[in-house]
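Just below sit the structures, each encoded as structure tokens.
There are two complexes below, and they share chain A, which is joined by chain B in the first and by chain C in the second.
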Partner chain A sequence: MTNLFNYIDRPSPIHRLTGACKLVCLITWSLAAMTSFYTPLLCVLTVAALILFRVARLRLKDISFMVGIMLVYILMNNVLIFLFSPTHGTTLYGTQTVLFRIAGPYVVTAEQLFYHFNVILKNACTIPIVLLFVCTTNPSEFAASLNRIGVSYRVSYAVALALRYIPDIQREFRDISLAQQARGTEMSKKASLVSRLKAASSILIPLILSSMERIETISNAMELRGFGKGKKRTWYSGRRFSKLDLLAMAVCVGLMLLSLALTYFNGGRYYNPFV
Partner chain B sequence: MKKFSVKTIVAIGIGAALFFVLGRFVAIPSPVPNTSISVQYGLLAFLSVVYGPVAGALVGFIGHTLIDFSYGWGIWWSWVIASAVFGLLMGLSAKVLKMDEADMGKKGLIKFNLAQVVCHLICWFAVAPVLDVYMMGEPWDKLLAQGLMAGVANAVTTAIVGSLLCVAYAATKTKAGSLTKE
Partner chain C sequence: MEKETIISFENFGFQYTAQAEPTLYDINLQIHKGEKILIAGPSGCGKSTLAHCINGLVPNSYPGKTTGALTIGGKNALELGLFGLSKIVGTVLQDSDSQFIGLTVAEDIAFALENDCVPTGEMHQQVERIAELVDVKQVLGHAPHEISGGQKQRVGLGGVMVSDVDVLLFDEPLANLDPATGKQAIVLIDEIQKRTGCAVIIIEHRLEDVLYRPVDRVVLMGDGRIVYDGSPDDLLCQNLLQERGIREPLYVTALKYAGVALTPEMRPSFLPELKLSEDQKAQVFAWFARQPAVKPTPNPEVLLRAEDIDFTYEGGHHALRGINAVIHKGEMLSIVGTNGAGKSTFSKVICGFEKPQSGILELNGQDLGALSIKERADHIGYVMQNPNQMISKTQIYDEVALGLRNRGVPEEEIRPRVEQTLKICGLYPFRNWPVSALSYGQKKRVTIASILVLKPEMILLDEPTAGQDLKHYTEIMDFLSELNRQGVTVVLITHDMHLMLEYTPRAIVFHAGKVIADMSAAQVLNSPEIVEAAHLKETSLYHLAGLCGISDPEEFTRRFIARDREVRV
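For the complex of A and B:
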């Protein structure tokens, strides 16, 4: 099956970190970026994310497709924000510095532009980290890492099962889809919307009913092997934390605390250069 | 933490895999350019009714996270959480309304559709925008417009796909008292 999760195997310090460590870093980093609107911190995070990208030896062409989608998304998001509330920045920062007027309520203010800059920065400092995680973490390490950071092993095992059965279900989906198309099901633009939805159902019903049977089979097999009887379980791809892992986690947790502290001591989430 | 039965765990795993495959590969082109209709919410509603609220929530959470991961455009936690809440609410309403997935008559289908419309409204009009306002600090009007599009599209596909699934599933189950004496 093709590489669904864009994992790129390449020797680098980031690849050598354990999955659990990268997961902790991803979560704390996203939290840090989410809570804060403190512009200098967001700038630092963005630059740091780009440096980490170099360290992981990822090339632009590995991820050009995803970067493309991302840029389109960021652009559309900003256009939408401006269309719906062109004065959001003014309400946030409390002042109004008009740069020029377009028409009617559409006024370009310095506050609004600064707000857009912050929104873009927020995206720019989280998205590279998610990309980094996706490209450098082996999917089979996911479940083990979840269990390592404290998620119950039953839930972790559900994630492992999902990853294991995605290719199977994909194959089955293709088989059923081809069989139905041979029988004359039309799913392309030629058919009307309602008949397209009906056509999708003629594939979904066999797919889902056969998956329900699969659920029975697998749960019987697991029960026979005594799954869920012990308090713990071991993982084939689980690894111990190294010194580098601990350091990376400490830095990321530190960033999150810094972000929270800035929000707290600054008396608000927004860094305001206008007052 | 409450212990899950093995069957629930497997249902979560396979359900998330199905959610992923449907969300990632079954994109039905819609009349609006660059948007496709996501059929996975019909599946999620159905699975939540059959396997309960916890399974529904986790299927939505894991499945949606994996979709975001595989596209690599960043994880939109607010929308992932909204998917999870949808599964949870659907499972709960199935319990409250006493839906019986093995015997879905007209009454059952009406209950199912009422519940799913209300749950979609809560998720895309309340949960997702509130989280987005808090996490990303985006303006309300824009988020409500996005939520309106997503919510209506999801409710329509759930009504069609989910109801069909319920009927098809009920047909495979033997009903109580289905034997007749000759």
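For the complex of A and C:
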């Protein structure tokens, strides 16, 4: 069963960082990458992300499934950009260096290719960091981290509970689906789309009903043990920030500021090699 | 010595906002510090509502109107509120799986402390201490699905003990446990009570199982009132339990059948200390000799044959190791064993939900390997434990008709088949009702009807009576026996020893992916090695037979069951 949080326990400095620190780093890093099209910065971030990946002792095969999905996403993203606005790069950079023509409005320009290169770089420097966060953060620490950065503990715990119940609900979904198939509900590709949608509803109703039961029990269990009584709560898996945490956060916040500063001083988000 | 009262109901009554009639009337009940009390009663008698009043879910989560007074720890329970009460009363819920809140054992135990804003360092120490007390220290870092049912219950107990409560409230603690684990749970509750001096309240209808360790008092409820409040010994000398639809301990029933006059001095509530005079023993022996011998049923033709079935889950769990088993035509059979012994996997393999890596499965001599889930379902029906997991239509008629419609049966043929099935299942009067208006037991029947309508040769039921009281249990089981008499082969996957003994002549016992026994139910329960390995529980009849010098406890059990069924029908 593929889990959303694919925590892989290995001894590494990245694993030792607290969840809250990693969350702050993830957010600032992504902001830095998102706001900027400054190519040198993106290159640096990408290389740094790949190095961090090595530091965390993650192997490609641990995450091959997720990497696959991400690559498909990047490909789709670029194809769609080209299909819908093949001259976006020209507009951005203000010049047009035609490499070759395909047909109609579809012209391949150096500007457009450079723009695509930037888009890919942006993905390439963010995605490893997201995967890094997902694979090195103990799910137990996640709710505590959210709460640490200011999210209300009720919301944080809701997220933790979702993580706790995803495997249960997956199992239940499978059981219900099998029992429905036994009664002749066709779920395979043999059936038409409409009848497959109908079939899906025959699984969803029991799944929702039994989940409601579950929710009632769990909310009772939580209240009976005092959940929601105070404005604050502590966390068993909460940890204090170490020096390394503070350092990591400082670097990431610095990167974000650098990215913002570059945007500001260069008079725009785009690094333009064409003029 | 006058003990301090911790819980006191005075002329207490309660009515849910959504209901026309009160659920509790005139409750007068005192519970003292350090006392151990069993609250018993059939489904719908108000025992769960009473428990919810004690832990504050009533009226905080389930609103309604209270009358009279309820004082807990010297204060008015209504003023204490849910959170105030949670400091005094710790509740262990029935379903130890869904009350597991944390992602790991340690976090779950720590949950109440987290809500009390206990600093992390101190919290770790307290969790260690509690984990030691309930013996889950080795699994502190484990996720809920990595530990056993018994361990989950220990964690549940630890999670409430961490708040230093004065009262431990157990809501049907045995409902989801196999017999041996249930026995351990009762021992654990007893030990914890002795060590901490907490008052313990156990809500349960499985009286005999709770009485495995002595209790101070039994409170029997019926129709929202307390109908008995006193020593368990006195209670067992009367016929109140049977009148209220609660099963007596089997040995007590057997003694009554034998005509032994019970007195509290004989200590009937605690089998190890039961005192029988020589005359009384002779009485039991004579009764045994008078009962007609039970004829073994002849072996009919083979319906399903499993040969060397081997199955390993994707993750590498080797769930079935060379299973050989035969199910006969028209038979009623139990499959028993611990959680994870392979019994559910075996039923999934039969239904085609899982494909075994090797082995042969034949139905009427025809290989099942090539048949899809849907095709197998024409011969073998599968009924899940929780009816809410099966019902997908809002109308009863549509729900039962679903399987036929999916198979493209013409509508004019569907109607008579559905109606006939509804009649067999006693649901015909409700045919135009919405499913949501039915009780749990009736929903269960709807799911059985929706399978029966496909006319399978065999139906396979997962825990058909889980969580049912004696009345509903008898209803469901008698209905299944009736189906069985009409020729349907019925296979039950169960934890319930009494069900196995009473309704199924033969039992297949699974243990660690293997079949370790295939014999009569009475034989299984009278074989200590099998009982031990498969986490079953020997019946108290075995013990009684020994006490009375009956050398064939198996036959004693069989004759008792035969007699008991005559009496109850």
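Convention: the second predicted complex is superposed on the first by the 271 of 275 C-alpha atoms of A that agree within 3 Å, B and C clash if a C-alpha of one lies under 4 Å from a C-alpha of the other, contacts with A are read in each partner's own complex, and residues count from 1 in each chain.
Quick note on the criterion: a residue touches a chain if its C-beta (ideal position, glycine included) is under 8 Å from a C-beta of that chain, and two chains touch if they have at least 3 such contacts.
Everything numeric in this text was worked out from a predicted model, so none of it was measured.
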A:223 touches, of chain B and chain C: first, second, both or neither? both
Which of chain B and chain C A:209 touches, first, second, both or neither: both
Partner chain in contact with A:158 - chain B first, chain C second, else both or neither: first
First, second, both or neither for A:28, with chain B first and chain C second: neither
Touched partner set for A:134, first chain B, second chain C, both or neither: first
Most chain A residues touched (candidates chain B, chain C): B
Which superposed partner A:196 touches (first chain B, second chain C, both, neither): first
Common interface residues of chain A - those touching chain B in one complex and chain C in the other: 160-161, 163-164, 168, 201, 203, 205, 207, 209, 214, 218-219, 222-223, 227-228
List of chain A residues in touch with chain C within their complex: 139-140, 160-161, 163-164, 167-168, 172, 175-176, 178-186, 201-203, 205-207, 209-210, 213-214, 217-230, 232-239
Interface residues, chain B side, partner chain A - complex: 1, 3-4, 6-7, 9-14, 16-18, 20-22, 25-26, 28-31, 37, 39, 42-43, 46, 58, 62-63, 66, 68-75, 77, 135-142, 145-146, 157, 160-161, 164-165, 168-169, 172
List of chain C residues in touch with chain A within their complex: 55-57, 60-61, 82-83, 86-87, 91, 93, 95, 98-104, 106-107, 110-120, 123-124, 127, 144-145, 159-160, 163, 348, 351-353, 373-374, 376-377, 381-382, 384, 386, 388-393, 402-403, 406-407, 450-451, 454
Residue ranges of chain A in contact with chain B within the complex: 4-6, 30, 34-35, 37, 63, 66, 69-70, 73, 80-81, 83-85, 88, 92, 118-119, 122-123, 126-127, 130-131, 134-135, 152, 154-155, 157-166, 168-170, 173, 187-189, 193, 196-198, 200-201, 203-205, 207-209, 211-212, 214-216, 218-219, 222-223, 227-228, 269-270
